[in-house]
Each structure stands twice: as C-alpha cells, then as structure tokens.
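We call the chains A, B, C and D, going by the order they appear; numbering starts again at 1 in every chain.
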Amino acid sequence: METSSSLSFLLTIPLLAVVISWVIPKALQRIYAIFGSALILALTVYETSGILFSSTTEAAKAYFVDQRLEWVSELGLSAGFRLDGVSAWFLVLSALTTLVAFYLRGIWYRKQPRLFVSMGFFLLFALNSAFLATDLITFYLSYEAVFIPMIFMVGVWGENQKASAVFRFFLMSFAGSILMLVAMFQLMSMHHAATGQWSSHLPDILKVVANVPVESLLWPGAGFLLAFAIKVPLVPFHGWLKEVYVNAPMPGTIWMSAILSKLGVVGVIRFVLPLFPAVIKEYQGALLAVSAVSVIYAALLAIRSNEGKTLLAYSSISHLGFVMLGLFSLSSEGSNAGVLLSVGHAVTSGMLFYLLHQVEERSGNLDLTTSKGLATAYPVLFSGLFIAVLASVSLPGTLNFGGEFLVLLNAYRASALCTILAALGVILGAVYMLRFFQRLGLGKTGTANPVDVLVKKDLSLADLLMVVLLVGIVIYGGINPGIFMKG
Amino acid sequence: MITSMILFPLAGFVINGAWSLWSARNGTRVSPRVSGSIATTAMVAAFMAAIMARAQIPATGSIEVDCFRWFSLGSLSVDFKLRLDALSSIFTLVITGVGAMIHLYSVSYMEEDEAAGKYFAYLNLFCFMMLNLVLGGTLPQVFLGWEGVGLASYLLIGFWYREEANVAAGQKAFIMNRIGDLGFLIAMFIGYKYSGSLDLTTVEKVILPAGVGTSFVLLIFLACTGKSAQLPLFTWLPDAMAGPTPVSALIHAATMVTSGVYLLARLSPVISQSATGMAVIAGIGAATALITAIIACFQRDIKKVLAYSTVSQLGFMFAACGVGAFGAGVFHVMTHAFFKALLFLAAGSVIHGLHGEQDIFKMGGLKKKLPVTFWTFTAGWAAILGLPPFSGFFSKDEILHQALVSNSGSAWLFGVLLIAAVLTAFYMTRLYRLVFFGTPRMDQAKFDHAHESPVPMALPLVLLGVLSLAGGFAGEPVHLAHPESALSTPTWVIMIVSVIAAAIGATIAFRRYSVSEVKAEPTSDVFRIDAVYSKLFGGGLGVIASASQWLEERVVQGMIRMVAAVTDLSGNMIRVLQVGSAQAYLLMMIIALVVMVFYFMKGVV
Amino acid sequence: MTAFEPWMLLVVSILVFCIGLLGLILRKNLLVMLMSIELMLNAVNLCFVTFSKMHQLLDGHLTVLFVMTVAAAESAVGLGLVIAMFRNLRSVDSDQIQLLRD
Amino acid sequence: MHMNEIIQTLMPWLILAAGILVTLLVSVIRVESKRPAQFSALLTLVLTGVSALQTVSLPGEAIFSGSIEISSLTRILLALFSLIGVLFVVGADRYLSKEKIHLSDYYHLLLIMILGAGIMVAAKDLVVLFIALEVMSLPAYTLAGFRRNDSRSNEAAIKYFVLGGAVGAVFLLGSAFLFGATGSTQFPAIYSWSRQSVTGSNLLFAAGHFLVIVAFLFKVAAAPFHFWKPDVYEGAPTPVTGLMSTLVAVASFVTLVRLIHLPALDSTGWEVYAASIKTTIRVLAVASLVVGSLVIITQKNLKRLFAYSSISQSGYLMLGVLASLQPGHGIAPVLIYLFGYVFAAVGLFVLLSQSEPRGDTGVELVDLTGLVRRSPLRTALWSVLLFSMAGMPFTVGFFTKYFIFISSVGSGETPLVVLAAMCAVVSAYAYLRPIGLMVMRDADPGAAQWGGGFWSQLVVVVSVILVVFLGLMPNAMIQYLKGIPLIH
C-alpha cells in the first residue's frame, strides 16, 4: 500500500514542480529549479533506497513495486508502472541530471526562464514515467512526451541552426517511435487474437508472445529495435545527433546525452529482450557487430572533430555502443554491466558537458584546432575536467571502468571478434579524449583566449560543490560499482 | 602492515593534491620543501612498512589481506585484496626504497618549480599505483595499478605542460601503453573464460589449451612491451625523458618499466606452458637489447642515452624470462633499479649543475667540479658494465648464462646478448668519458658556474652508489621468489667472457674519445623506427578517420538530405497536376474513374 | 417496326450522358456547361424511365419528377453564380477562372 | 405507423426545418441587422441538438415506407452537426462583419446545409439520398461564393458547382443502374437482392455501385478525386471552408461507408466482389495518403495546407473503411476518427478566420512568424490543434489515429499501416513547421495581424478543451461510439 503510493508520488512530484514554476517570479527561477530538483533527487533516493542500498539483487527484489491504473479500458490501455533494480537507478539518474542541468547559468535563465524551468521539470516527469512504464502504450506516450520539452529546449534557447536541428531530431525519432507503435499494435492484436480482449500490459503480452512463432515476431522486434537504435543512437541511425547536440543549449545537451539516450537502453532491457528473445538470439551476431561498429566509427569521428561539443557528442555514441554491446551479449550479467556503464556514462558526460560549459564561458569558444592553454589560468576547473576525461576513458578506479570491463568481459563470451573490435575503442577513446583535454587546457597560454569572455575567475565555490559531488559519485562508483547492478 | 604500505603514499597524494589545488585556486604557492618532505615522509614510512611486511612473510607462500569486495556479477566476484610474497616483496622494497630516495632527491631538485606540490602529489600517486600493481591479488587490481602508473607517468612526463612537446610525449606514452593494456584486457577475458575467476592464485594455476595458451601469453607480453618499452612499442620511452629527471629515474628506469617483468614472473606458471610464447619473449627481448643498444651509441642527450640503455637492459630481463629464468630477470630488475636510478640521478645532478645542459658534447672535465656525482656515477657505470663485484655483474652474467644453458636457450641468444653487452659497455663509457674527463667543451662561465648538488641530492646518490656496489650479493632472497630456478653459479667461462666483452667495449670507447679534440657526432635515430611508426600508425589512423568522416558527411548525412529532397521533389511533381482549370480536373477524374472501373470490372465480371 | 427493345433506350441515354459530359469538359462557356449538366441529368431520367419500364414499376417515373425539381434548383444556383462572376470579370469564359491553383 | 409517432421520431429534424423557416422569416423582416437571424439560428441549432441527444438512445425506426431510418447513429450525427453549426455561427461572427458579409442569409443557408446533411445520413433510399445530397450541396456552392465581389470566391464557388453538379449526375446514373439491376432504390431491398443473387458478377449492379461510391469519393476528396478541394478551400470564405471540411466531410464519409456496405458483401458468391472492393479502397487509401502528405509539405498557404491535410485524412479513413469490411468490425474507428477530426478542425478554421488582412487572400505561413511574442495564448491554441492534426499524444488526434491503425493491424493491413505511419511522419513536418515559425522565428514585417474577438476565441478554446480532454480521457467517447451500429 505504502510502496505503491511511492510510485505515483515519484511521478506526481515533478508535475507539481511544473505547476509551481509558473507562479515563481522570474528572478527566483534558478534558485527554485536547483532546490526543487535537489529535493526531488533526495526524495527519489529516499523512496527507492530500499532497492538502491540493499546488498544483493535478491534483497532488493523485496522492494520492487508493480502498479497498474485503468485508463482507456475500451482499448485495454492502462497506466502500468514497475519500480525495480533497473528503473530505480534511472530515476535517480534523471533527477541528478536535471539538477546538474538546472545548475548551469546561462541565457535560459535570462530569456523565458519560466518556460525553461517548467519544461525541465516536465522532462523529468516524462523520463520517470518512461523509465517506470511496463505498459506498452504508457511507455510510448512517455517516450513521445520527452520530445516536447526537448523541442522547446533546442527551439527556444538553441544556437543558430536550431530549426533544422529540431526537425531532423524530431522527424527521425518520430519515424522510429511510430514504427515502434505499429509494432506494439501488432503485439496487442496478437494478444487480442489469442485472448479476445485488448491489453497493452507487458505481462499480459509476454504470456501471449511466449507461444507465437518467431517469424511473426520478427517485424515487431525490428520496429522496437529501430526506434531504440535511433534513440541511443547506434550507427548508422545517428544522423540527427551531432546537429542537435551542437545546437542545443548546454542543459539540453546534458539531458540528451546523459539521460535521453538511456531511454533506448531501458527500452531494450524492458521490452526488446523479454519480448523477442528468439529474434534477438537469431540476429545476435549482427547486433553485436553494429554495436562494435558504433564504438569504433563514432570514436574515429571524434578523433576528427575540431569542436568540443561535437567531439563529446561522438564520444557518447561510442560509449553507448559499449552499453549496447553489453545488452546484446544476452546474459543478465551483460545487461547489468550495461546498466552500470549507462550510469557511468550519464554521470561522466553530465560532468563533461557541465565543465565544458564553464570552459566555454571562459574561452568564448570550444574550437580545438589551436591549443588554448587554459589550465594555467583555471587550474581547479581543469583538474575537474581532467578527472572527467579519465572517467570517460574508463580508467580503473572510476565508475566507467567497472561497466566497460564487465561489458567486454561478458561480450567476449558471446563474440570474441566483436569484443576485440570494440575494445579497440579503448585506445581510440584515449586518443581523442587526451587530444580534447590538451587542446583546451595545455600548451602555451593565451593563444586563443578572446578578451571578451564572460567569466575570468576560476571555478566558483558553487560550481566546485557540484563538481565535487560528481567526482564523488565517479570515485565511489569506481570503488563499489556493485551498488549499481541490481537488475 | 601491507595495507598501511599502500595507504601512506595515497595519504601523501591526497594531502599534497588537495593543498596544491587549493593554493592554485587562491593563487598562493605551495612550499616545495614542506610538500616535498610530506611526500618523502610518506615514502619512508611506506619503506619501513615494506621491510616489516617482508619480515612477516612465511618461508614459502604469501600473506593475503582482503580489503573489500570490489565488484561481483553473476559467477564473477572480484575482491580488492593485497597479496605479499617473496616476489612482490622484492618489488615493494625497490619501489618504496628507491622511491624514498628519489623523493628526497626531488625535494631540492624541484626547489625552484612553483608547481612542486603538484609534482609530489603525482609522485606519491605513482608509488601508490605501483604498489597496487605489485600487491594486487586479482588481475583487475593489477590492471588498476597498471593503468594508474601509466596515468602518473603521463602526468609527470607532461609535467611542464606549457611545452607542446612535453604534452605530446606524455600522450604518446599513454596511448602506446593503452595499446598494451588492450592486450592485458583481452588476456583477462581469456583467463576468466578458462579459469572462471580473476584471482591471481587461480589464474596462475589455470591450464590453457595450446592455441589459447599461446595467444594468452602473447597478449600478456603485448601488455609488457607497452609498459616496459620493448619492441615494437618502445619508442615512447626516449621521449618520456621530457619529464623531470627524478621522474625518469623512478618511473622510466627503476620501477614502472620493470612491471612487465613482474607480470611475466607473476604469471610464470601459465607463461611457461607455451613454448612458442616463451621463444617470442626471448627473441623480442634479445632483439630489443641489441637494437636499442646500437641506437644508444648515437645519442648526444645524456638522458636519451640512459633511456635507450634502460630499454636495452629491459631487453636483457625479458630475454631471461623468455628462457624461463624468471629469477634472473627479477634479480636484474633489482640491480638495474639500483644502478640505473643512480645513473639518472647523477645525470640529473650534472644537468642541475650545468643549469639544464643535456648535450654530452657540451660537457667534459666535470670530474673535479662534481666529485660526489663523479664517484657515484662511476659506481653505476661499473655496475651496468658488469664489472665484478658490482651488482650488475651478478645479474647480467646469470642472464647470459641462462641464455646459453637453459633448455630453451641457445647460442644465438647468447651471442646477441653478448654483443649487446659489448655495446652497452661502449656507449656507457662514451658517456662517462665525455661527461667527466677531457677538456670542458662548454663556455668558461658555465663551467665555472658548475657546482656540486646540495646534500639532499647527494645523499641518495651515495646510498644508491653503495647499493649498486653491494646489491649483487642480495641475489639469494630473490630466488626465494622462484625456487624452481635456483641460483646456478655462473661458470667461470661465462664470467670471463662477459667481463672481457665489457672491457672491449669500454676500451674502444675510451680510445675513441680520448683524443684532445672530440668532434661532435650528430644524433641519429639509427633505424628511423619512430619516423616509420608516425607514418604508419599516425598516418594510417588519419586515413581511416578521414575515411569515416567522408562516410559520415557523404553517406549518412547525404542519405538524410536525399530523403528530404526526394520527398520534396515528389510533392512538387504531384502539385503540377493542380492546374487550376475545373474542366481539366473533371477530365483527370473521368480518366481515373474509367481506369478504376476497368480494373474493378475485371475483378468482378 | 420491331418490338420495343429497352437496351436501345439505355444506349441512347448513355450516349446523351456522355455528350453532356464531353460538353462539360470541352466547352468554355459557362452557360453551355450548365446546359451540359442538365443534359446529363436528363439522360439519367431517360435511364430511370427505361428501367422502370423493364421492371414494370412506377418508381422510376416518380424519381424523374424529383430529379427535374432538383435540376431546376441547381441551375438556378448555377446561374446566380455565373452572374456574380460576370459582374466581377465581365466574362463567362471558363478560362477566366484559373486564379486558384498550385 | 401513426402520424404523431412519425413526428415523435422526426422531432429533431422537424425542429430544424421549422427553425429554417423562422430564420428565413426573421431575416426578411429585419434586413438591416443580422442579429435576430443569428439568434434564431442559434436557438434552432441548440434545440435540434438537445432533442437529438434526448432521443439518442431510442431504437432505430424506419419511416416513410423505409426510405428514411432514424437511428442512434443519425441522431448523434445530427447532434454533432448542430454543434458544428453552433460553433460556426458563433465563431464566424467577427469574420462576417470584418468581411462586410452583411446578409443574414449565411445563417439559414447554414441551417439548410445541416438539414441536408442530417437527412443524407438518415436516407435509406437512393433518390432521397440524392435529394439530401443536393440540399446539402446547393447552399454550400452559394456560401463558397459568398464574398460576391471577390473573384476568387466566385471561382471557388463555380469550380465547386460545376464539378459537384457533374458528380451529382454521376451518382444519379449509378443509382439508375442499381435500380435497373435490383428493381429498387431502397437500401434494404438492394441488400436482400444481393443476398438472394447467387453471384456478385452482375455487370449493371457493379457499375451502379461503383458510380455511387465514386460520387462520394469525390465529396470526401479521396485521391484521385481530390483536385477540386485545394482550390475551393482557398477561394471560399474561411468559415465556409471550415463547414466543408467538417460538416460536409463527416456526412459524406458516413454515407460513403453506408454505400460501400450496400450489398451483403459477406454473402456467398460475393467473395470476389468484396475482394475487388477492398483492393480499390486500398488503392484509394495509398493514393490519398501519398498525395496528401507529400504535397502538404510544399504548401505555403494555410488553407491549401489544410485542404491537403483533409485529403490525407480521408486516406486514413479509408483504412478504417477497410477494417469495417472485415467481419466483426463496425465503423467505430471511422466514427471516432471523424469526431476527433471535427473537434480539431473547427478550432483550426476559426483560428484561421482570425487573421486580419482584409480580402481574405488566405493566410500564408509567413503570417505566423513570431506569433509567440505577439500573442502567446493564440500560439498555444495553434500548437495544440496542430499537434492533434499530426496525431501527437495527449490530443484526441492521437487516439483517432490509434484506433484506425490498431483495427487495421488487427485486420491484417500492417503494410498499409506502416505506409500510413510513414506518411504521418512526413506530414508531421508540415504541421510542426507552423509551430516552429511561431516559436523560433521573429515576426516577419509582412506578417498579418491577428485579432479574433471574444466569441471566436471562445470557440477555439472550446475546441482545444475538447481536443485535450478527449486526448487524455477518450474512454467515454470510444465506449459510446463503439456501441453504435451501422444501419442497413
């Protein structure tokens, strides 16, 4: 009773925050946003603590919650949610990411701050319900709802080519998700054919799908996979990503790379793997290959890119390639490792983009063609950035190492070749991340420092606080990664 | 005790790191002396701990301290545990002992540097990681140290990061090490696949199928070539000399670069299973020893010479491991740590004395000026030449002996190593001669200015000098680590041969450079290996990257653009029908109607 | 003098319908086009009558009356529109009305 | 059946008819002001709607010797039509005065249209159906040309008239053939004839059936019978365009479905016939979807844009029709789609009529630029309605598409659904671009002014509320419309 209320609680709080944000005066929006999201983070951790901090998965299982509310009974639609070892961590992550994104100072607090804050909280709501959803249509709706704030983010506070970025982003994702919807319809009508009533509740569907021939599940599976491949994204479905990341305002970029990409991960864990085991099994080789290729290909693009945001955009494709490699190794260990690496990537990329914004404020641009040598002027900022860089090259002792290591370890059993191919990404990662850091921080000072920078001082105490928090997570996760694997 | 051993450097790192960050933020300056003494104290304490821990080791076997469960997933569970046995204790002693001295040395060496706090933090970090490497009870933990020391070395090579060259050198080191680490990773996967665990105790004992075994050995060895600068991945080490000299002494001579030998020795039971693997190791080791010895003869930079000599000496060690004489290898690691650290520090004090002069052809006649440096250097020189009774004599002769007599050894191997020894004698004597004897070849002012280093720098020199003199007699304990290859007293023949070889090399060098007017020789990377690499890999990577960039812009983005264009075009084509005349519409509708009626009827009737 | 053959009338009515259709498509004068529409409707009337003859029913004949009424109304509206157009364009030529197009 | 029972059953229709006379009378008496006519029209519509809703649950009855059947379907539709009427009477108020359309004829013509539509959906006799069709169409022609001094309005009216007239003749020819084949013009008779006849390969019947269907394919503007629509939409006064795309479209589409179901397609011997009907509909669906969604992205003029939008809408509806041909499926998908579409379309066209430039040369996309700064509320309204058109979640547009798609998937039309989905993606671009212009661009110097006045704004708000509410809580509507059978 108490537990099932916790779910609706987690979903309603962000909505409440949206409403409140419209009565808060413009000047206080940032304060409100930060404290609000911090509070939500705390509440989320509190509500899910049973799962988060239980020593083993078995212990955590006691706290898993299922909830189902009737909605459109005529179509068999219900609002079905499930809090479990996977979703719990992603809830925490989305709250954390929101906090980080809100923490950034920028144009979005000067131009229509109300819209920004409310959209941020709405995004949090949509993400949470997507992460919790166990009902196909609930998931689809939340999945689509995530677009609305993102479109505003890019559309209102974005850089110059925002329009084309938005449309590309929206149309590609929409093409994917609507095919996923059709796939859902196929599954639902299978259920209808078998039982005579409509349902979109995952458990019901699973019961039916279990005794459906593989070939008739092929296309639905493809529909789901395509949607998630575009979302994550996997090569070659990443065409939208660069333009959007570069043109989005920094909070938008943080949200996108840290948490939106994880929608695809969760989707695969929640829906694809249980619904279409046979199909996936049949095409496992291809899927692993695609993941490995994404790792390498994106890394190569990152090596070639001459702009900070672009480079990080490609690097996150590369990292997510590792995650998918883990999921497609088709072992619970692999999925867990994937989750762990997703957490790592979320925190790390959040930190990277966060600090990148600080760098941009201090250097005016993120051009990597010339060394800026900013580390001399801003040692603390760049120490933070360096730690983030180390985390993203998944040095042992950081959060990402455990994930990447375990992913590869499990993928190696599935396919040695793909694993070795992907592992090359470890080298390439070092190449581009070090170059990234060197061009921004090292070398002769003042080669590319414009005089009209916004900020001249090193990291402020407030920013330092955030960095310390993130570094803390990174290091703690490096020492005790087990906590993130409760799937 | 063991735990405290690794915690001291960590504490040092944290204190110095936090302090220097804080002061950097406030624009104040960390006092080198204070932070230096903090770091040094930490290392001395660690050394004490190491000695005490050493005392606790049972005659055979090891002490294990289980710290905490690092991560566990499914059947795999990896603990964070420290494991001290004879082998690792040798390394811990070397690391902490030599480390302590070098820290002490650095205190005055880095006196002028405003970032000294950072420097000592990094140095402590390195020692912490290095201890993790040698004490790690599980492969991932070893890997943690393995990559950690790589990080520390990256940081310290590029310590003066305002110079692009230094940063580049650091990156080169890190990335080449990463290539090796890839081998380590995959080797771990294989090991896990076949032993179902990542504990060293388990993996050591695992019996691998033939093919797999070989690939396992080769992958591990790939890791070693990266870390220990063997062919083909040795080119980063000479560049690594961009870092401060004590760093070169500690990381790139005494400790980090020898971790490859440690890994091989640690996994020797598995390694020895694959004859092919062993042969490859021996061959590569010998080849490296020879080639880099040759290159060393053509260097002018005093540190470069020592760097190449380090690579060559490492080659000796790997050759030893390759023929199954892991004990000999480890023994040479120890002695080499003593004398090479000594040589570097001495070189450092020379450079310090000459205010940054590194070209040996701009030196000479420093014997009087720097007496302590001279005498200690002499000890090191004698040791590396392998003159009895200096430490190098024992270890090197044993390696030569094993290369000849051990069942996987051969005359070829012995010959190659012998030639390498001759060359070693040659370039070391060349260096020795050019630096300390003859007439000074730098301007008078500089020569007059040259001064002996202060006590904190001199003291480690002396200590290490003693060690390089007497270290050879510590051979016995080493072989506790590997009873299976007990110390076989080298036959007199080999002793004499090797001494003669050394003598020949030395005399040639002495005669060649004794002429009153030495003409400067150009530096040359004899085999152009570096250039070839940068073309091959740098260029190759560039090509692939450009290719994928082309693919991205033309194909991936092009597809998207094309879809958009096609949609738009077809839309406009349909629009053309909208001519605006009602009668035209009527006509089109009638045509459509007729066509459809035709098909419809065809279906029906 | 052969017996009455319904199909003859059918053929006639179809022909008339087609004539009306062609007129509607080909002629440019709006008034003529209106007439063509009337022609088509009347062709259908003939058709109805024929069929009711075939079936020996009266429904067809009744329908014709309805159709005529509707046709009258329709032509009234049509004429109104044509007049309005003439007021604006001083012309009743169907080529004049091609402003609205893609 | 006694006269008073007939009156009972026909009450809503009779109220409407009486109301028409009253309105006409009022407008003759008080020429100078249009308020009285407006008032009486509103009153009529409200009464009609209420009485229709009151009696909605009564069983269906065939009257006038079976040539008209009043059933819950026809009653709910009449109620819907009256609602549309109310909205367009209220919403068009400002527009009419702005365009100097002083005549109060707008009101009774509108009422007559509604009457025609109301009878058309109830008609069970081809001749009655024809008359109803004309009763609905003639006022439509007139209203299309209502801005008498604007040649574009004229042109729209004449095009509509010429093509409509021709198609009317085609319909009539078709019904003549059906009469010839079956000996009757009444639906039940034709139906039972088809039950008895051993085979569906009766040439005359097939031709007749096809022709009557084609006539209504024209009315709902399914490609390739859609050519008239963009031009007429552009030329006609905006509220009238709105009426066409809601009132006429719904009435015509329901009738189309009924005409398709004219013979008993499931009876033995008709398999081939049914199959070829399905093929034809598939072709039409594909054509409409492709034409609609490909051309819509090239449009600059918003009225033309919505014309093409409605063409692709009829493509989706064709999917619903296909599903309805499947045994065991009703026309619920079609009805739900129509209702959802109407609620959004009313708001859209009223919004469209709020643009200021006199002469109503049609609103271009550029007129929307920077609207969010100029009037945020209107931007929000636009966005919601466009979202609904694009079938985005949380608007009624999502569920209408949802229902169509899932029932087509259920009847094994998945490839067609995938195509439709892709078309939805393409046309989504056309629906979102206006939002982009409103939110992301600064106002273009040439951009039109926007000013609706309270009443029209109220109408828009009402439709937005309906759209959102039904987007969140569609259950009641679906449940209700699912229960309504297709009359035979």
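Here is the rule we go by: a contact is a pair of C-beta atoms (placed from the backbone, for glycine too) under 8 Å apart; a residue touches a chain by one contact, two chains touch by 3 or more.
Keep in mind it's a predicted model, so treat the numbers as computed, not measured.
J.: Which one chain sits nearest the middle, judging by mean Cα positions?
T.: A
J.: Does B-C or C-D have more contacting C-beta pairs?
T.: Most contacts of the two pairs: C-D.
J.: Would you kindly tell me how far, in whole Å, the mean C-alpha position of chain C lies from that of chain A?
T.: Computed from C-alpha means, the inter-chain centre distance equals 67 Å.
J.: From the C-alpha centre of chain B to that of chain C, how far is it in Å?
T.: Comparing mean C-alpha positions, chain C is 98 Å from chain B.
J.: Can you check how far apart chain C and chain D are, centre to centre, with Cα atoms defining each centre and the answer in Å?
T.: Each chain reduced to its C-alpha mean, chain C and chain D end up 26 Å apart.
J.: Once you find the CA centre of chain B and the CA centre of chain D, what distance in Å lies between them?
T.: 79
J.: Show the residues in chain B shared as contacts by 2 or more other chains, in ascending order.
T.: 575, 578, 580, 582-583, 586
J.: Chain D: which residues touch two or more other chains?
T.: In chain D, residues 158-159, 162, 166, 230-231, 295 touch at least two other chains, as defined above.
J.: Where do chains touch, given as pairs?
T.: So, checking each combination of chains, I get A-B, A-D, B-C, B-D, C-D as the touching pairs.
J.: For chain D, which residues are in contact with chain B within the complex?
T.: Those in contact with chain B are residues 158-159, 162-163, 166, 200-201, 203, 206-207, 210, 214, 218, 224-225, 227-228, 230-231, 272-273, 275-277, 279-280, 283, 290-291, 294-298, 426.
J.: Under the definition above, what is the set of chain D residues touching chain A in their complex?
T.: Touch list, chain D to chain A: 392-394, 399, 402-403, 405-406, 409-410, 414, 417-418, 421-422, 424-425, 428-429, 432-433, 436, 439-441, 474-475, 478-479, 482.
J.: Could you pull out which chain C residues touch chain D in their complex?
T.: Answer in residue numbers: 10, 17, 20-21, 24, 30, 33, 37, 40-41, 43-44, 47-48, 50-52, 54-55, 57, 59-60, 63, 66-67, 70, 73-74, 77-78, 80-82, 84-85, 87-89, 97-102.
J.: Using the touch definition up top, name the residues of chain C that touch chain B in the complex.
T.: Residues 21, 24-26, 94-95, 97-102 of chain C touch chain B in their complex.
J.: In their complex, what parts of chain B are in touch with chain A?
T.: 21, 24-25, 68-74, 76, 80, 140, 143-144, 147-148, 151, 158, 161-162, 164, 167, 171, 174-175, 178-179, 181-182, 185-186, 188-190, 192-193, 541, 544-546, 548-549, 551-552, 555-557, 559-560
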